[in-house]
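Next, two complexes with subunit A in common: one pairs it with subunit B, the other with subunit C.
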Partner chain A sequence: MDVAAAPRPRTAKRWHPLVITISILRLGGIGINTRFWVSIGLLGAIVVFGLLGPTLLGKRDPLRIVGGLYDPPSSQVWLGTDNFGRDVFTQLMYGTRTSLTIGLIAGAVATLIGVAVGTLAGFRGGTIEEALMGITNVVITIPSIVILILLSIAIASRSIVVMGVIIGITSWPWTARAVRAQTASLRAREHLDLARLSGAGTVSLILVDIIPYMLSYIFMAFVLQFASGILQEAALSLLGLGPTNTISLGIMLHWSLLWEAVRTGAWWAFFPPTVFLTIIAFALLLLQSSLDELFNPRLRRK
Partner chain B sequence: MTRVSSLLEVERLSRQFGSGRSAVLAVKDVSFSVAPGEIVAVVGESGSGKSTLARLILRLLPPTSGTIRFAGLGEITRLRGRALRHYWQQVQAIFQDPFSTFNQFLTVRRLLERSLGIVDNPPRGADRECAIAQALQSVGLEPSDVLPKWPHQLSGGQRQRVMIARALLLQPKLVIADEPTSMLDASLRVTVLNLLADLRQRGSSVLFITHDLGQAFYLADRLLVMYQGEIVERGPVEAVLRSPRHPYTQRLLADVPRLGDGRPTARPADGPIRLVQRRPSGG
Partner chain C sequence: MRSDDRMMTGRTVHRLTRRRFLEVTLATGVMAAGSLLASCRQEAATPVPGGQTPATGPTIVTTPGAVTEFPRNETFFVAGFQWGPPTTFNPMTPGTGWPAGQGFNTPFQHLYETLFGFNLLTGGLEPRLGQRLEQPDPATMVITLHAGTKWQDGQPLTADDVIFTFELAKDHPEVPHNTFFDYVATISKVDDRTIRLELQKDRLNPGFVKLLLSGVKILPKHIWEARAKSGQTLTEIVDTEPVGSGPYKLVGFSPERIALQRDDNYWGIAVFGTPAPKYIVHPIFKSNDEGNLALEQGRVDISQQFVPKIWEMWEKKNLPVGTWFKQPPYHVPGSIPLLFINVNKKPWDNPALRRALAHAINYAQIAELAMSRYSITANSSLIIPDGAEQKFFDQANVERNGWKHDPQRAVQILEQELGAKKGNDGIYVLPDGTRLGPFKVECPYGWTDWQTALELVAQSAKDVGIEINTEFPDAPVLFTRIPNGDFELALWFVNGVSPASPWIRFRDVLDSRGVPPVGQRAFWNYNRYNNPAVADLLDRAAAAQSEAEQKELFTELDRIFMRDAPAIPLMYRPLEFYEYNESVWTGFPNSGNPVAPPQQGGAGIKILYVIKPKS
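For the complex of A and B:
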């Protein structure tokens, strides 16, 4: 593989507890196929639960009041009710859907900006590279949660799309740096000389001669951004700055914190969304690490 | 110095890599010219600066000093943008490695169509199809067979012939062939050399860069011998090969293996070659 030959700068997240878990799994000898299929299985189950669950189970309205304050789980309400007497199980389905959507939009926006900035900087070099990487480094040094909080406050009505875009435009710098390094190593390849002699301009060279050669890498960066987008949304929603007029996994955590679910022992209000967030992020990171090994055979254990 | 007849004129061209103590002068004060319809060979060992010279003339690498002039365009050493495009309409290249010069995500058809992007008024539709098919046919490839293929489905020889077809398609005045045969099987070399000779028949000059004196002798009119970034000997091919003056040329010439001179004595008598030779009668 050509891409494998290039040095592979890693995105952040090395210290993330889930990454540590995956490293332990790696050491534990769980093979690439197992990890790949486990992650696909988990993600598939969660996507089906979030997208088809409400239809299949006939629970259409997550904001409908069906019981009292923190009713415990029963045959009527499988995971009990929340502080307003709403069905937690139904909320979980819609919350998963919202979180996945926001993560997907955030990942797409971050990858798009990151790839555009990274390829342009790595390809053009010189002043343009200095300027673009300068901006990137400035954005990296500002804690993204601060920008997220300020942006969320500034925008009064936050739809799911707006949330995704807000998270995306604060998390692209890591992708940009990694893509820049890859581009710089691809820039000297001979097929680019031939393309230049064929009259290809910068845009054509980047789109046709550079990006296809690192598509696998970009896809992995996207998976990581997807995972971190979901977690960022949860963090913002936990602070009450999530999307308005909808339910997400983070918003569920927000309400359960506000209404003292932890202290009153209403575990069904905060435990399910926490588990779901963990499973989603875990499955995505597992997917990324198995893809990394797939695309980069040198990482494979014998 | 300026002769009206020359197509390409290189004057005191130098290129330095690195700086300070680690500086390497890859090309040192190189001057020469190429006349229309001429095949000039640049011969030298690896590391002698041949490929750097090729990239300098192709304007893929900026020179440290010196000038390059091209007939009709004047000095092209500092051209950029649109003007550089005009230069590339007239000067094209065939590179050494037919594997890495191909974008592996483009089929032969897309590669050739994309190459026409350098031409000002590229043929369209049926005209384009026809031009591409003709170019492929003249290098001995069947268009319907090769056009839809990806680079990895072609052999090294086929890829190099596609590259020559590309040069034919663009009809440049000068083709710079940077060791076009070094990655090919011996049996394919003559084919490629003959195709380069065909380029001349179609009105292109060729700057043929090689490490092989035999190939230079086969193809070229004039010879430039390059050693450590400098041109140490030059002249018509036959004159240089008959009476080489520079010690490096003499050494190069002495190193050319000749058929009938006998094999080096160090080779074991029961080498694999004998076994191969016996096989037909044994079977």
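For the complex of A and C:
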């Protein structure tokens, strides 16, 4: 018997840590597309600018008056001054921070409400579903900007958190509807029957056996809500209903419009915040669509 | 809130109306507002800012057979007085179509005329329908009309029309001059050309009567008598075919524009000559930017809109654009927006705290930034230190008793006079534990220069240790709350320069007579300041026969004002912004060529007689 001819016993393949890292990043060979990296890069840059900028460049008060009415950019004021004579560059840093914070809070609140309503309705069905979806459908027909405006007027002093919550509680219905549909399809799966047999209650079933199965979807919904939260804040601020006693990208645009920055040629007052809003919204949508492709094999590019 | 937007625009698109709202109010705020308060003790009309159409819904009326072709070199384009579609040209309706209305401070003479035209530079009255105003004794005025005055329909205009118009005040409380007979005992006809006024001897106030003589538009008795007798509320009458006595006739209006054509049968041609433009058109812009761009491009010849950094138009862009002065402040000051402090709300009942705030505010910064350099640095006086009121201004009084931007002095008052201690957050706390803030300061949304001024006030106050937050509700909200005394700190208007100023401004701020308690609508003294010493001084100042005597009394009133600081002047605004583009018409008056005052109402009608077409 030719021992040498015997097949070699298969040894377990040892993974080099670097290979593991790469494979995690490539998600087991699925391959994260360029769009993902572009969006992460853009978002990272914006977040660093907004969160670390003020710390790195020395904390400056964005509301401090340093110059005259629409002074052009100079070595002192890199992006000129606004109509109050305040440094536009500093405002841009703090404004980005405010806008991101409001977007984050709004996205979180909207996703939370949407998921709670959607899963409960989808899982319980029956009267509860009818009632919850009825409410959702009613809310969905009212243009959210109207509710936003009314709420903003009613609340005299609007902090950043309050603004985020206001935007969040008016933008959850679409999430709720989509989540309900997902939940309804998950409800019929076998693992839920098993869990039910082992005595799990509604809340536990939803948290343990439903939500994890659509986490990818919820995350994408959150990213979209985040982006729309930032844009909603800008829309409200543009109308003069933004957060009080602070600066945001929308507030910068608001004052630049009131003081006719476009006609007077003070591009530094309206162009940077517009660009920032565009980049943030663009990066978040790019992130969402690349994640969508990642999570949904059917959309994957060859 | 939206209903008010609709009132003005007939639109429901939110963004647009909100923007529109802001421009309407910005452009016409102080000017129109002044007119509301000029006399209205029992003002019946809704006090909405001028330039807006009454609440008649979105009905759009257009005159049939209107003139639609306007040769550019014969047409004079005006901007800044009419926003929203015009619906009526009844001169008594608040917010009526230009140029029928605009109240006592800017009484246009194009269509309807007043007896005299007020000149904001000299403070004098210039002839219009009236040729002469004589005062044989302090309590009598005799007015002589020009020869040949007639209406645009050919009927003669006589003393009967004048008396009819003023006597409407007797049984029509809704008319704007409803307080006429508080100050005038009788108005009588001497002959067809002569009218005699006997003033109330116990309320002698020739200045106020002159305000009405230069502000009330004379109506044709043959048309309005029937309307007055019909029992209708006069302000509600919709008049789309106005018959006035002025040099221009209304020949067309639409939501896009109001058009006037010169009346070549005008009675005044023999007296004043012929105005240069054959047509006058007021395009109705959707926003301030649009109107300002039109001025920049020469599509508008004269504008009353707030144009930030207008000097760049000639300094940088070399455009033939001008204002009254070529240097700051570019405009003649005509009114004082005042920061009213509620003297009955703790801790603001302490004048020391009010004076501390007055010292904290950086007035130069407000003039530079909020007013785009269109104001000189505000003084602590209620008298405008330029133009018609300059003769009453007492610089020494301001220096001795007033305030100026001095943060150290503010801190000194807080610490030494009030015994306040600075907390860890940088905000002072009074000995009784009251923290100085957060206080609320308000002005209407969209009055951008005011909003900016208040942001600067808040910033200055924070720097010395008083926390003030800004809030900008919609104008109609404040038009109710501020006269009712329901505010803490608010930027609001009082009467601008007029034949009755500065008396009327001192009354607006200091007089507690005729002011109802908090919760009811006051027409002056919104913060319910009360000082028994004021009444006698005011009455004496109103009746004073010599300028020297008046100045002495005003100085004393000003001293009381500066001691108690119930309000703080933040800046000066012109009565009207005066901006022209000489691309088509030239020869506009300015400080180097002061042939007419920088105003389109009152004596400023002369502008139309001195300009010439370029080609």
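By our rule, the second predicted complex is superposed on the first by the 269 of 302 C-alpha atoms of A that agree within 3 Å, B and C clash if a C-alpha of one lies under 4 Å from a C-alpha of the other, contacts with A are read in each partner's own complex, and residues count from 1 in each chain.
Heads up, the rule we're going with is that a contact is a pair of C-beta atoms (placed from the backbone, for glycine too) under 8 Å apart; a residue touches a chain by one contact, two chains touch by 3 or more.
Just so it is clear, the model here is predicted, and its values are computed rather than measured.
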With subunit A superposed, do subunit B and subunit C clash or fit? fit
Once the two complexes are aligned on chain A, which partner has more residues of subunit A within touching range, subunit B or subunit C? C
Who does A:209 touch here: subunit B (first), subunit C (second), both, or neither? first
Is A:196 contacted by the first partner subunit B, the second partner subunit C, both or neither? first
Counting only touches as set out at the top, which of subunit B and subunit C does A:72 meet: first, second, both, neither? neither
Have a look at where A:125 lands relative to subunit B and subunit C in the superposition and call it first, second, both or neither. neither
Let me test your reading of the model: by the given contact rule, A:134 touches which partner, first (subunit B), second (subunit C), both or neither? neither
Look at A:41 in the shared chain and tell me whether it touches subunit B only, subunit C only, both, or neither; answer first, second, both or neither. neither
For the superposed model, what is the least distance in angstrom between any CA atom of subunit B and any CA atom of subunit C? 49
Please output the residues of subunit B touching subunit A within their complex, sorted ascending. 55, 58, 60, 85, 88, 92-93, 95, 97, 100-106, 114-119
Which residues of subunit A touch subunit C once you look at their complex with the stated criterion? 63-65, 68-70, 83-85, 145-146, 149, 153, 156-157, 238-240, 244-245, 257-260, 262-265
Touching subunit B in the complex: which residues of subunit A? 2, 189-191, 193-200, 208-209, 212-213
Can you list the subunit C residues touching subunit A in their complex? 1, 14-15, 18-19, 22, 288-289, 292-293, 296, 307-309, 312, 365, 368-369, 372-373, 440, 445-446, 448, 451-452, 455-456, 459, 469-472
